[in-house]
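Naming follows writing order (A, B, C and D), and every chain is counted from residue 1.
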Amino acid sequence: MAKQRARALGVSLGGLPTGTSNAITDVAGVRVGHETLHTGPAVRTGVTAVLPGPGSAFADKFPAAVAVLNGFGKAAGLSQIAELGVLETPIVLTNTLSVGAAHEGLVRHALAAHDDIGVTTGTVNPLVLECHDGWLNDIRALSVRPEHVTRALAAATGGPVVEGPVGAGTGMVCFGWKGGIGTASRRVGGFLLGALVLTNFGRAPDLTIGGVPVGATLRPPPTGPVPRGAGSCVVVLATDAPADARQLGRLARRATVGLARCGGIMQHGSGEYAVAFSTANRVPHRPAGPTRATTVLAEDGPLLDDLFTAVAEATAEAVVNSLFAGERTVGAHGHVVEPLPVEQVLGLV
Amino acid sequence: MAKQRARALGVSLGGLPTGTSNAITDVAGVRVGHETLHTGPAVRTGVTAVLPGPGSAFADKFPAAVAVLNGFGKAAGLSQIAELGVLETPIVLTNTLSVGAAHEGLVRHALAAHDDIGVTTGTVNPLVLECHDGWLNDIRALSVRPEHVTRALAAATGGPVVEGPVGAGTGMVCFGWKGGIGTASRRVGGFLLGALVLTNFGRAPDLTIGGVPVGATLRPPPTGPVPRGAGSCVVVLATDAPADARQLGRLARRATVGLARCGGIMQHGSGEYAVAFSTANRVPHRPAGPTRATTVLAEDGPLLDDLFTAVAEATAEAVVNSLFAGERTVGAHGHVVEPLPVEQVLGLV
Amino acid sequence: MAKQRARALGVSLGGLPTGTSNAITDVAGVRVGHETLHTGPAVRTGVTAVLPGPGSAFADKFPAAVAVLNGFGKAAGLSQIAELGVLETPIVLTNTLSVGAAHEGLVRHALAAHDDIGVTTGTVNPLVLECHDGWLNDIRALSVRPEHVTRALAAATGGPVVEGPVGAGTGMVCFGWKGGIGTASRRVGGFLLGALVLTNFGRAPDLTIGGVPVGATLRPPPTGPVPRGAGSCVVVLATDAPADARQLGRLARRATVGLARCGGIMQHGSGEYAVAFSTANRVPHRPAGPTRATTVLAEDGPLLDDLFTAVAEATAEAVVNSLFAGERTVGAHGHVVEPLPVEQVLGLV
Amino acid sequence: MAKQRARALGVSLGGLPTGTSNAITDVAGVRVGHETLHTGPAVRTGVTAVLPGPGSAFADKFPAAVAVLNGFGKAAGLSQIAELGVLETPIVLTNTLSVGAAHEGLVRHALAAHDDIGVTTGTVNPLVLECHDGWLNDIRALSVRPEHVTRALAAATGGPVVEGPVGAGTGMVCFGWKGGIGTASRRVGGFLLGALVLTNFGRAPDLTIGGVPVGATLRPPPTGPVPRGAGSCVVVLATDAPADARQLGRLARRATVGLARCGGIMQHGSGEYAVAFSTANRVPHRPAGPTRATTVLAEDGPLLDDLFTAVAEATAEAVVNSLFAGERTVGAHGHVVEPLPVEQVLGLV
């Protein structure tokens, strides 16, 4: 039977309305693609790509910011986004030891589209984020290669996003249960805010859904790496609201509220990173003049606060969606991780 | 009838054991003093001082760090703590427009104790944090003067901490109800972690206690500044664990988890700052030699994660304690703020 | 005989053209005012105010950023500028222990102009920066009071800026010689960039002017606090170029290049802070709608690099101007500080 | 005729004494290895590895910090160093588009040495820094492969370091002349401080050596990418002084003084990153207990200031050494870059 999403099953995760697909792709132009590597007994990994909008992100960049909530992670591409406030490639998520391969994949993708890069213009800043899927995946095999990025990019579509153990989420574990990819969206003041998460964090007893601390109650307890539970989490936020880079940083920092609502405490080993971008006010690589007209959000007024709430809600719902989409996964080292027992959960929340 | 604290009333806010007084003063040497200004129809403000330990904080400084969770605030003294990793005065909390007076109060306190400051040695870095109590207090009157800091320092004691509308908390509002000072503590691996909060944040419908979203249910709804609800929150964390400044920064950043557990979303207008200090490994103002022996926490292992959990739990419980200690307050502008209806809450959680 | 500025004496400090007054006030609307406290044998201090533009900075804020180059200092107001990207008061410079009094002075100034602050709107974020003038000033006397801020603000004018031992510069020492206030400006691509500095930093042997390491050569050596030489430096940068807050942060961080050109090495004890604001694209306190049209600099292209060069040149020339305007000052503790021996310097550069 | 280093030719770059080899390898245990890719008409690139000390950096980590001076760059591995304060791999420098390959090379190196990584312990955080060598190198060819990292690591030795167009420096351009690898060291209070730079920054007219602005005078002018000159610069700092991570951050931030002394202005396009590590107080991956004894530098006293001066001097001398070691290089796109005309320079300084 097809998995159902939390909202369809009546789980309430905040009061703001969702977009059409309740997905990051509700933000016009955003596309998501997965390349899943689930082969043999031990390869449980992959690549998930988020394309921020139509056309080249390099030619017309996206205002963006990154929030390092807990910097115990290996993301690449952060400092340039902090300095220049723009995203100039798709965002790629993968496993921790494959950051290099994913980086090269994004470089190759940019080179293929732009024959001036590295010759008559500068280079390109790939954004790669990761979680450690070594509980289920033979992460030492470095199975992800640059071409898997190419395939994930080619597979990207708008509309509903496949969630759960797909793409970068194939081998992830969240609160002891099968984690992976989740997404959600919110409508605020005529704008859309979408979140996509890669969930690999949390201790089993801490899991909280819709305010209910279900984690300590579920039986049998999960089979993921319970004792320490440390993993990581990546949160990608997209909006069509004309937030500038500073404001996107404010949005990104609120992702931690969504994770805390699910029971996260930013454990030592849980690298947690949020990146936020806007599809409004793209920034041309080759400026037409010394200054450029743009728009920004008013800082004061209800809109920004509602966007903050939207970040908290969408992030939390995306985490829950990643769990509701879980599937029993047998992987490396003889490890087995079960999906969240959704029926039990529904009896509690 | 005397107010009771949340824990005494059976409200569960986490699983770690508390210290003796369930207060920041459980960390040996930490003292708290209040100077309450509740006079006439409109003065509802004050000063709360946290003394980090015995002896002079200037002569023997405390490893410390500050986390700016939402920088919409007017705290003074942050950049030096970030640069040098030490606290060298007591921590003073007051209202937003009185940061200057409180700063001068701390300067005078340091000058009185050290006749070398500004002559044969350098100056001193007062740490002042604040929230905006203008809903209940005639904040424009600048009622807090430097001598009120002196009095709060002189009043400081160990043991149980008076909570609620006292000291800097006199005029604060939290989730629409009367906020103010709250405190709590946790024991972890032979160490103590204490939190003291000044609560002035949160939208009424968001209030969550022990995982239960009580805010939308309580009747009648609160009379605080509901529509936007933006205030601020200060979190002071003390520990006797030998965390160095970097590690204390990690602790301080987890305060946001505790606030989120209470329903906080770091609203635009809610400046949220956490400062953490350690009473271990004090740093002499006049070093005995070019290097100094010290100890630090192991980064890996369960202790740091448990301290993170302690921060989340103690911060959340301190917030709830500040609400449980609330009292009906009639203040400036004809505003009245009611205390949290504790009995109603107890029926919900 | 009137002191002459470095440029009038033929000292070359970079190739970009200056504005009319070679001062921060060349940026239209910027005004500077001093209140000098030079009384009795030991009071050698004061206040310098930089008004960023006409009208109220609170009602119509200025895009702004702060760079903490060496955070060993006591500036107040930084975190809100970092979070919100705007300046909403004049900038006040004074001595280290008078930050509190100056803060209150700015609060009173804002309250006098805006009867809604603290009642129907929020509070206000005063920006106060400081250096330690305790070598020449009885800094423990806390001679600066809030009303001195009022007077400095009232005294503010456009046009040429009085440099040297005036206002906040009255008691400062720079590379062992009399320091204080200096200013300079540059024209870049139709825009103006001005710097104003409060100089209290540098070891005597390190002084470099126009690339020439004059510090080790001057005889007799200076009488300032040679052995450690640590003081601090404040750099205020103004521009009418439409830089947004992030870009202003990039400008501010280049102030360190100007200080290094003068021989600065950001000594341990030398708190060094740069604040940059733009007079373009003021940000209304009460936004007219949820979004706002604005302009920003193109990040790429020669303009930004030229502004970076302008920051380096104007900062360095402002430092040198502060020294060329020095006067022999007898102050507290029997200390005497001589002005830079300009004729000797002119023979070297 | 063999190239001579600046100091051997009488160029004075500061007053502190050097270590034995005037190289980063003067810090006991530090080794440097190059893998140079100079093949065909267009491949002018490579890898330079800095091994921080004997044994495994993963098993016994090095206290470390990174300073992002201008974040327009693509370094990988920064956020974990900022969070945890340790370096756990060698430091690899290469070209901008090869960060991915170098990352994978470091991953493979760590996996080969530690069969527990990714299985019974966590993953590993490779530190890769880069400059854009596309003026001389066909950077689009992605010539650097993971095995080149292996070779650079295998080639690493102590003692004198080969400078100039070797390893990662093969295709770099600095102030219009041939740049590349340079190194220098200083002795301070019984400790050593070494710098290694990868120089690819600066506009030709700005070049300054020993305080003399030689750049505008040299004839013929250089043939590097003069008009904008933007490149980047990496500074690696090593010390055996027991600085903790926070203090190493303070050291790293002073690298900018050394670059400014050479005429750098942190141009828009010049990503500038400094990493500093200490060989004292290594941090075990598997802690022996919940706390650990260690030592730190006294913050006050002359030692830290002298280390700051050492950073400025060693960084500047390393940059000059990279130029003095330059060789005429014909590369991609028909570009030719000449070495700095050392004899002309010697006539000027």
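The rule is short, and it goes like this: a contact is a pair of C-beta atoms (placed from the backbone, for glycine too) under 8 Å apart; a residue touches a chain by one contact, two chains touch by 3 or more.
Computed from a predicted structure; not experimentally measured.
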item	value
Farthest chain (mean CA position) relative to chain D	B
Which of C-D and B-C has more C-beta pairs touching across its chains	B-C
Between chain C and chain B, distance of the C-alpha-averaged centres to the nearest whole Å	34
Chain centre separation (chain A, chain C; CA means) in Å	43
Touching two or more other chains - residue numbers and ranges from chain C	70, 83-84, 250, 269, 299-300
Residues on chain C engaged by chain A in the complex (per definition of touch)	83-86, 189, 242, 244-246, 250, 283, 285-287, 289-301, 303
Complex interface listing, chain C residues touching chain D	69-70, 208, 211-213, 228, 230, 250, 253-254, 256-257, 260-261, 264-269, 299-300, 302, 304-305, 308-309, 312
Of all residues in chain A, those that touch chain D in their complex	68, 70-80, 82-84, 96-97, 99-105, 107-108, 111, 117-119, 122-126, 132, 134, 139-140, 142, 146, 269, 271, 273, 333
